[in-house]
Every structure is written in structure tokens, then in C-alpha cells.
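Handing you a structure now.
Chains: A, B, C, D and E, in written order; residue numbering restarts at 1 for each.
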Amino acid sequence: MERNNLKSISKKGRFLILAYDHGMEHGTADFNQENINPEKVLSLADSGYFTGIALQKGVAERYYQPGKNKAPLIIKLNGKTNLLDEEPYSPQLCQVDEAISLGAKAVGYTVYVGSKHEKKMMSQFAKIGREADQAGIPLIGWMYPRGKAVKGKEYSREILSYAARLALEMGAEVAKLPYTGDPNSFSWVIKAAGRLKVTVQGGPKTDKKDFFGLAEEIMTAGADGLIVGRNVWQADDPLEVAKKLNEIVFNF
Amino acid sequence: MERNNLKSISKKGRFLILAYDHGMEHGTADFNQENINPEKVLSLADSGYFTGIALQKGVAERYYQPGKNKAPLIIKLNGKTNLLDEEPYSPQLCQVDEAISLGAKAVGYTVYVGSKHEKKMMSQFAKIGREADQAGIPLIGWMYPRGKAVKGKEYSREILSYAARLALEMGAEVAKLPYTGDPNSFSWVIKAAGRLKVTVQGGPKTDKKDFFGLAEEIMTAGADGLIVGRNVWQADDPLEVAKKLNEIVFNF
Amino acid sequence: MERNNLKSISKKGRFLILAYDHGMEHGTADFNQENINPEKVLSLADSGYFTGIALQKGVAERYYQPGKNKAPLIIKLNGKTNLLDEEPYSPQLCQVDEAISLGAKAVGYTVYVGSKHEKKMMSQFAKIGREADQAGIPLIGWMYPRGKAVKGKEYSREILSYAARLALEMGAEVAKLPYTGDPNSFSWVIKAAGRLKVTVQGGPKTDKKDFFGLAEEIMTAGADGLIVGRNVWQADDPLEVAKKLNEIVFNF
Amino acid sequence: MERNNLKSISKKGRFLILAYDHGMEHGTADFNQENINPEKVLSLADSGYFTGIALQKGVAERYYQPGKNKAPLIIKLNGKTNLLDEEPYSPQLCQVDEAISLGAKAVGYTVYVGSKHEKKMMSQFAKIGREADQAGIPLIGWMYPRGKAVKGKEYSREILSYAARLALEMGAEVAKLPYTGDPNSFSWVIKAAGRLKVTVQGGPKTDKKDFFGLAEEIMTAGADGLIVGRNVWQADDPLEVAKKLNEIVFNF
Amino acid sequence: MERNNLKSISKKGRFLILAYDHGMEHGTADFNQENINPEKVLSLADSGYFTGIALQKGVAERYYQPGKNKAPLIIKLNGKTNLLDEEPYSPQLCQVDEAISLGAKAVGYTVYVGSKHEKKMMSQFAKIGREADQAGIPLIGWMYPRGKAVKGKEYSREILSYAARLALEMGAEVAKLPYTGDPNSFSWVIKAAGRLKVTVQGGPKTDKKDFFGLAEEIMTAGADGLIVGRNVWQADDPLEVAKKLNEIVFNF
């Protein structure tokens, strides 16, 4: 019972989404004089290479113009700072209908799989899943293994296939996951996700050549797309990187 | 004051329900390349041998088609992962009306009897019982003794009869319980349940012959049916197992 | 400003109520093959000797028939198991309007006076008091001193008079209390309760003769009635015990 | 922007309020065979010497008759027992509209200034302030310094001026405070309260002559009145004490 | 997508706001016989030198007259005392619509960035942001780094730029921040804030000459204004200080 609503944030069933919520999650350490400016990153998102841009509500409120900006808007509904050294919990900061009023075509929510606060996030995730469903927009699960219980297994086949399945069982339409590191184990993760679309996160800035190679490997392993941030807007030539990723994801 | 609503998930007053929420409760370790696919397990559920299929809402959303699938749908309203080593608590992930909108003919909810978080689950269970009542569908209590307070007594006559009675006193219509291990003690559990229907869980995959023997013993002891999962869909010949269980439960 | 609503659960201003929520509070250890069956105990309640029967909502749902059963129904709105060794808290499991829809003429709620969780129960009790008031039915306070703070003083004049007064100040119409052990101290408890009706709990099964003697002493001390359970339905001749208690309470 | 609503619980801008919620706060130790009876204390309140009587909702429900009782009713909205040795928190037991339906002309709420649970009480106090405002009745802040953080400073100029100011900043109309012990420091407390009316609590029973002397000193220091309990209804001649206090407060 | 609503609390895009919530935050130690009186401080606010006055709701209720007072009203929606030595949390005390009914043209809310209770404040802040938005008034984020996690870094470029960005990502329209101490690092803070207006707090009373020098430096560094309190109303000549600050902020 797949729904049409995924079409507004994908192309040919594939996803290439630019993420830019690092100001909340990491502070300003990720930024330089250029990419600290949301206008610059939004202009990159509008290049035509992306099927969506993921923002916190505040940045969307001040910068995103539904009629004018081209990249479909995805609002990250929860978020936290990295200041506290604790089992992670990310509180909801924006409601589904609020996101829609800002022009969102999809919403995202992070579940820290394995955290002591997992249950609070699972409840909230499931509630949001229903609201998004009723509103006719997809929920993307940012599924991140974290906390003592999964320490050292954050990239394992076991835990990432669990995270993918959890997103399916809880009612997401898309999962964003880390990559296991090899196509073989990742194909099990994709199997676990069933009819869910599986996208892979970019992670910290990597050598460009390695990053493209990895992107190809991930797509070959069967992923439905990528959600990238730093590897694009931290690059010397963001547009070139975006173009190349677009080729990898869509012309594959 | 028994209600007709049990008829939609039973036959001749007996229950044989296929459970398939292991992806949330246990991760993907229970699965192989076949049974990791919900389509395969739903097709098994539709074989005609079962009086219901128990799913988390996400799997129902993406796979279950009310008009097309034959096995009546039972939505497990709460769930948790097995990643955390703690006194268990299983948060509610789906509402009663949401379950009904997905086509559910009954809802299930796990109470970890003896857990430090027992009270939260009791409150939620009782609330759901009322909502299900008002909606005219039955609530099945997944009654599992767990936690330090009942350590080593999870299969005892004392604790399982308590769990059964608790389900009755809180307003369930069906209880799903582990088996005590012998018919004599289990008949006390059934007595404690009063007018409640008592079903027994299948548990981890067991030698087939032993499992059938156990199923017969449980039915002889007076149970109203079985709720099974791994012993069916992990079998080499799931349909044969389903057929045999159907004979045990209904032609008894 | 006494209200007429007490008339439906009393006779000549006196109360003799049969309690049967032990399946939730104590498990099945209190029961034998007869009294584990709610039908048997309801039939006893309907003997004409009692002014009410106190049940959890689930037992009422499956067994109590408003038109047919004679003993007025009292729903215990909260309850807990005895599995956990902790400062007691008893969560609300049934709403006032739900109780009424089951046929209840009064509701009961336990406050563990002196427990660390006392405040949660006080808030809930006061809220229920208002709802019961608006619905025109009485709230009976099961006032039980419990927890480290009152250890060893559970039957003292000091603590029981406090418990009685608390029920008055919080808005109950009837208090159910343990007996202090002597008429002199208990008359202070009754004074503290003011216009509240004071009933005394039966407690664990006692030698019959002693129990009747105690019942007479309690009534002589000024109590308005008794709420009894095990001393009646655990007796070899429950009807005889009921009859005798009825004489003690009403022909006094 | 002073409001007329203070007129219903004051005379010539002065307050003399009889408090009688000790049954909840202290148990029955404060009482004797006379004053344990709310009728007696209500009759004292109706003597004409008082501008109000402060009760918990339960006592008001059973004893206070809006048309008949003369002393204006003030409902204490929160309360607790003294059984637990802990940082104090006093939960809300009665709603503003409920108090009004009982005939209340004002409501009271205790904030334990300095308690670890201060924040919960501050939130609740502010919420009640608004509700009282909308209903057109005053909120009286029972401002009591308590807890480890203010240990030994409960009567200090520093902490009591803080408590008074807090009541003002949170939206009360009247503050009830302990007395600092000397007029000089207390005049700073009154300054801190600004346009708020300042009343002083009576405290434990004191030698009568000393108590009258203290009352005069407090009024001389600039207080707007007294809220008294034990020093009146524990006296051998409560009416005489009431008469004398009335002279001190109003003919001053 | 800047909104017109900032105009009501600014002039030429600049802010000079007088803060007077110290009675709640610090007690009466900040006050003398003059400035303890809200009338005096309101009269100062009305001097024409300020674009707003920030008060707790209680002080506004008793003193601020929408038609008469000239300085636009800003209600601080949360607040706490300084009595407890703990990771700070400041509970909400006033609702957005309540603030508006008192005449507010903007609302403020403190987030203790880095506190263990950060998440609770972030949720509440985001919720208020939406309500303020719907009501058409700005939310000013009092962004204060506090708690063990940021100990010693409260004035660092890293943490203050994080705090500024957080305010932007969560949907504030103005941020109130401490000053880093030098224009170079502060310009990064301003960059991080993007389209958010950045105001700087005055802090404890400083030598007047130093304070004016600092104010000029802050404005030169690119700030949009100042929110000051003690340095003005604790001064010997508050009006002179206000006049001078007005020159610094607006004729810059």
C-alpha cells in the first residue's frame, strides 16, 4: 500500500536529500564563513540536484519560501544539542501541522535506537507517524544506534537491520541509516526494511573520491538514496559534488 | 456477559493466532531470507488455518489489505526492543481507533507482570480496555511475568494464575500466557481467569514433535487456543505445521 | 450537607459491604476452588445480607448484571499487585463514568497514607471526589497507612485518626479504615472523621468467634459499618457468617 | 490596578482570616474534643470577628453552607500531610471553579519557597493565579520558606522578602508570610511585596499576652492583616481572643 | 521572511530594553528603597529612551497599564529563584495569550543552554515560538549557557555561537546573549544567528564609564541592541544612563 506522497521528495523512486540541521546538533564547529549562512545552503539545495532539503523549523521560518525555493522542504521535528554527555534523547520541537504550514512535503524524526530513552522516542515517533499519515505526508526515520547498550555495534549488521525493521514496524515510510560498511551486510538491512525506502546518511566530511566510491557502493547494495550534508556544503565545490552525487543516485 | 466480538477472531470458541511482531521485539535474528518478508508470513496467515494475525501497526500499514487479506487483523498496541537490559516497559505505539482504521478486529497489549514499571502498563491497559470496549473489539492481554520481583517464578502456578486473574480484573477479554509446564497447575491458571479466554504462547522454536505434543497437552488442560509465531514461520514446512496445529486446536 | 446518595449502599445508615478485589491485590493465594469463581461470590453478595459488593472493573464487566444482581455495585477505581516490595502506589484503572456505566452506585479508591507516593494518590483521590460528586455517587476512601514513614504505627490512634481526617478533608463520603484495636482510641478516629461515615475493614481470616466479637466491639465503638471479604467468603459457611454479621451491624 | 474582589474577604482593607486546615497538614494532634469538630470552628468563624475562613474542600463540602455561614469562604487548593520527612511539595487537590462552586470568595495555595520541588509549585501557582483572575477572585499565596536550601533562614529578612516578592511577581493578590521577628526587617518584606496585600501567619499556640503583643507589632510594622488558627481555636476562650484580635487588626 | 512585529519593540531596527524581573531571579538583594518599587522603574522605562520593558506577569498585572504606560511591554514567560544550587531549569509561568491580555508586544523565555534540563526548555521554547507566531508577536530567547557541561565556557565563542544558532534553529526572532568579551569572536556569534536579531545583556552593575565603553564595543561588533537592568536602575542617575545608552544604541 505504497503511497503517492513519496513522489514529492523523490525522483524515479530515488532520494537525494540535503541535510542542514547541524547548527542545532553540533553547534557552529561544522561551519565556515560561507556555509554558516542558510541562504548559501538553500541556494545550493535549489540547484536542481536534490529531491529535498532537511531543516529545523526556525531556519525554515526565516529562510524558506514555499513558492520560491525549489528543493522540497523536509522539517526535522526533533533535535538536541551535543553539549551533554548522556544517553541521547531528542525532544520534539515542531508539530506535523506546523511543519506543513511552513511548506513541508515530509517530516523527519530521530530515534536513538538502544538509548535508555528509546521508549519516549518510539512513542513520539509512532504518534507522529499517524499524524503524518493523516496529513498525507511521509515520515522519515533518522534511525541512529546510540548509547551504552549498542556501544561498538553502531555499524553492525545486527543493530542496523534492527533499526531498519523498527522503522518499518513503527510506521515510517523512509529510513535514514548509517551504512554497515559492506554491501553484503547492508543487503540484509534492506531486506529487514521491507517496503520501507532506505536512505543512507553521509556522515562526517570524507575524502571526495572515497565518498563518491562509497555512494556508488551504497546504491549498488540496494539503497534508495542518500541524505547528505557536510560532504556537500563543506566541499570546496559544493555544486560539483552535488552534480556528481546526482549522477550516482539517479543514473545508476 | 460475553460478547459477540470474540467471534471475529475465533472459530467454535477456539483461537489459533499467528504472531509476527518479532522484528520489533527481537530484531532480525529470528528471521531467515524468507520469513523476514512480511508478504510471506501474511500469505501463510491467509492459509485458512488461523483465526488471526498479530502485527505492529507499521507492518499492517504497508502490507495488510483489509479487503484482501483473509486472516483477521490483530494490532499489538505496544512494543519495545530487546536492546536494553532493564526492568521491562513497553510503551503504547498505536491507538485503538488507529488500529481499527487499519482493519483490526482485536487489539493486543503486553503487561510485564512483576516489572517495576507494571503500574504504568496497568493504567494504560485499563484505559485501552475501555476504548476497545466502546469500539466493540476485544483486548487481548499479553501477560508476561518479568523482572527481579518474579525472577525464577515466570512459569510458576502462583505467578501465572496471578497474571491470568490480573487480566480478568483489568478488563481484558482474552489472555495470552506462557504455559506452566503441566496440566494440573495450568488448570488453576484457567480457573483464575474465570470467563476470560485463555490462549498460550508458542515461545522459541522447539522440536516439532515436542511442540505438537505440548500443544495437545495445553488444549487438554483447558486452554482456549494458541498464539504462535516462530514455531510456525521458522519451520521448514510452515503450512504443514499450521495444518497440524489447526487440527489440534479445533478438532480436539 | 449529607446527601441522599449514601442510601443506595447503606441501610438505616449502616454499611455491610462485601469486598472481592483480592485477585488483583493478592493473586490467587486467598482463593480455593469455590471462591476463585466470581459467580459464587456474587451469589453470596446477593444473599440480602450486604449493602454492596466491591469489585474491580473487569470482574464487574464479565459478571455483574445491573438489572439482575441484587447487591449494589461498588467499583474499586484503583488497584495494584503485591509483587513489588516498594513504597506502595495504586494507579487508577477505571474512570468514574466508566464505573457508572457498569452499574456502580459508589466508587472506592485506596490512599496509602504515609507512602512516598501519597501525593499522587491524594491528587487523584481529590479529582475523583469531584467527579463522583458531579455524578451524584459517593466516594469511599480505602485509607491504609503504609510505608516506612508510618512503619509500626499502622494501627495507632495517631495515624488512623490522621487517615480518617484526611479522607474528610479531601472530600470522601465514607472512609474504610483498619481498627485501632480498642474502642477508646477508635472513638477518637471517629471524631476525627466528622460527618464522614466510618467503616472498618475485615482483614485476614480470623477465628470466627473472635471475628464476631471484634465486629461487635467495632460497632459499639461507633463505626457505621464493615467492609469484609476473606472472613466471609473463606469461611466454611459463608452465608451463616454473612447472616451473623448482618445482625451485628444492623440490629445493633 | 487593584481590584474590587479583595473586598469580599477584607474590611477597611484589613484581613483577619481564621485558618482550619490543620487536620490535613498536621493530623489530629492539634485538636481537642471541641475543636476537632468543624461545626464548632465554623461557628467561631461566624462570630463576626473574621473576614474569612480557610478550609480544605472536603470540610467545606460537608459543613459550609454558602447562604447560611457568615464568614466568607477561602478554599486552600493544595495540601499535604506531615508524615514524610522530605523536601516539601503540596499537590493541588481542588480546582478554582470547584472552589467557587463550594461558595469560595478567594483561594489559597502554598508555595514552599526554597524546596527542591519549588518549580512544580511555581508553575501551578501561576496557572491558578490566571484562573482565579479570570473568575474574579483573589489568590492568596501561603509563602513558606522550607527545605535544605533555606535551612535556618526561614525567618530572615533576605528569604522572607524574597518570598513576598515572588508572590508579587507570580501574580498573587495577597501573601501570607511568617513574621521576621522585628518591625524593621519586616518593613523591607512589605516593601518587596509592593501592591500585594501582606498578611502574617499566627503559627503555633503562644502565650496569649505575647500573641496580642506580637499581633500589634506586626500591624504596626505595616502588615495588612493576620491569618490565624491555633492561637484562636486552641484558646480557652476563642471568642475573647477573636474579639481582641479584631480590635488589634481593625481599630489600629 | 522578516516580520513587521519587531517594529513594536524596536526603533530603526535597534533594541534598548529595560529588564526588571530581578525580584524573581535574585530576590531583593539587587534592590534599594527606590528601585524595589515597580512604579519607579516603570516611570524610568517610560522616559522615552527604551523600546521595551521586560516584566514577570505579576508585576505587569499590578502595575502596567496598557493605555498609559509608554514603554512596550515584554512578558518574561518563565522564571525561577536562585535559592537552589542545581542544574538550572526555569518553568513556564505565563502563557502567550495571557501575556497578550496584559498588553504584551513580545514575550521572552530563558533557555539554559547546556543544563541537564535543556531539553525540557527547548520543547517549551519551540511550543511558545509557534504560539507567539500565531499571535503575531516576537519571541525573545534569553540564551544563557549554564551547568556543568559548559562550566568555564559560558562566554566562549564556541558556546555563545551555539546558543545564538540554537535560538535561530528553534524559531526565536530575537536572541539575548552575554557578550563574548571581544568584537572578533562576537562577530562569529552574530553570523551564527543569521537573520535573528542579537541583543546583549547588561549583566551586574559595572563602573559606568566601562559600561558605556562596552556598550559601544558591542554595538560596533554588530549587535542589534541591549537588554539592560541593574546598570540602569541601580545607577545614581538612571535617566542619565538611559539617555547615554540610547545615544549609543540609536545614534551609532
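What we mean here is this: a contact is a pair of C-beta atoms (placed from the backbone, for glycine too) under 8 Å apart; a residue touches a chain by one contact, two chains touch by 3 or more.
Computed from a prediction, not measured in an experiment: that's the story for all the values here.
Steps from chain B to chain C, minimised over paths through touching chains, total 1.
For the pair chain A and chain D, the CA-based superposition corresponds to a rotation of 145 degrees in steps of 5.
Under half of the residue numbers at the interface between copies chain A and chain E are found on both sides, making the touching surfaces mostly different. If you average the CA atoms of chain C and of chain D, the two centres end up 35 Å from each other. Taking each chain's centre as the mean of its C-alpha atoms, chain B lies 57 Å from chain D.
Listed for chain A are no residues, as none touches two or more other chains. Chain contact summary for the complex, chain A toward chain B: residues 1-2, 113-114, 116, 118-120, 122-123, 126, 129-130, 133, 149-150, 158-159, 161-162, 165-172, 188, 191-192, 194-196. The touching residues of chain E, counted against chain D in their complex, run 21, 23-24, 27-29, 31, 33, 36-38, 56-59, 61-63, 65, 79-81, 83-86, 89, 91-95, 98.
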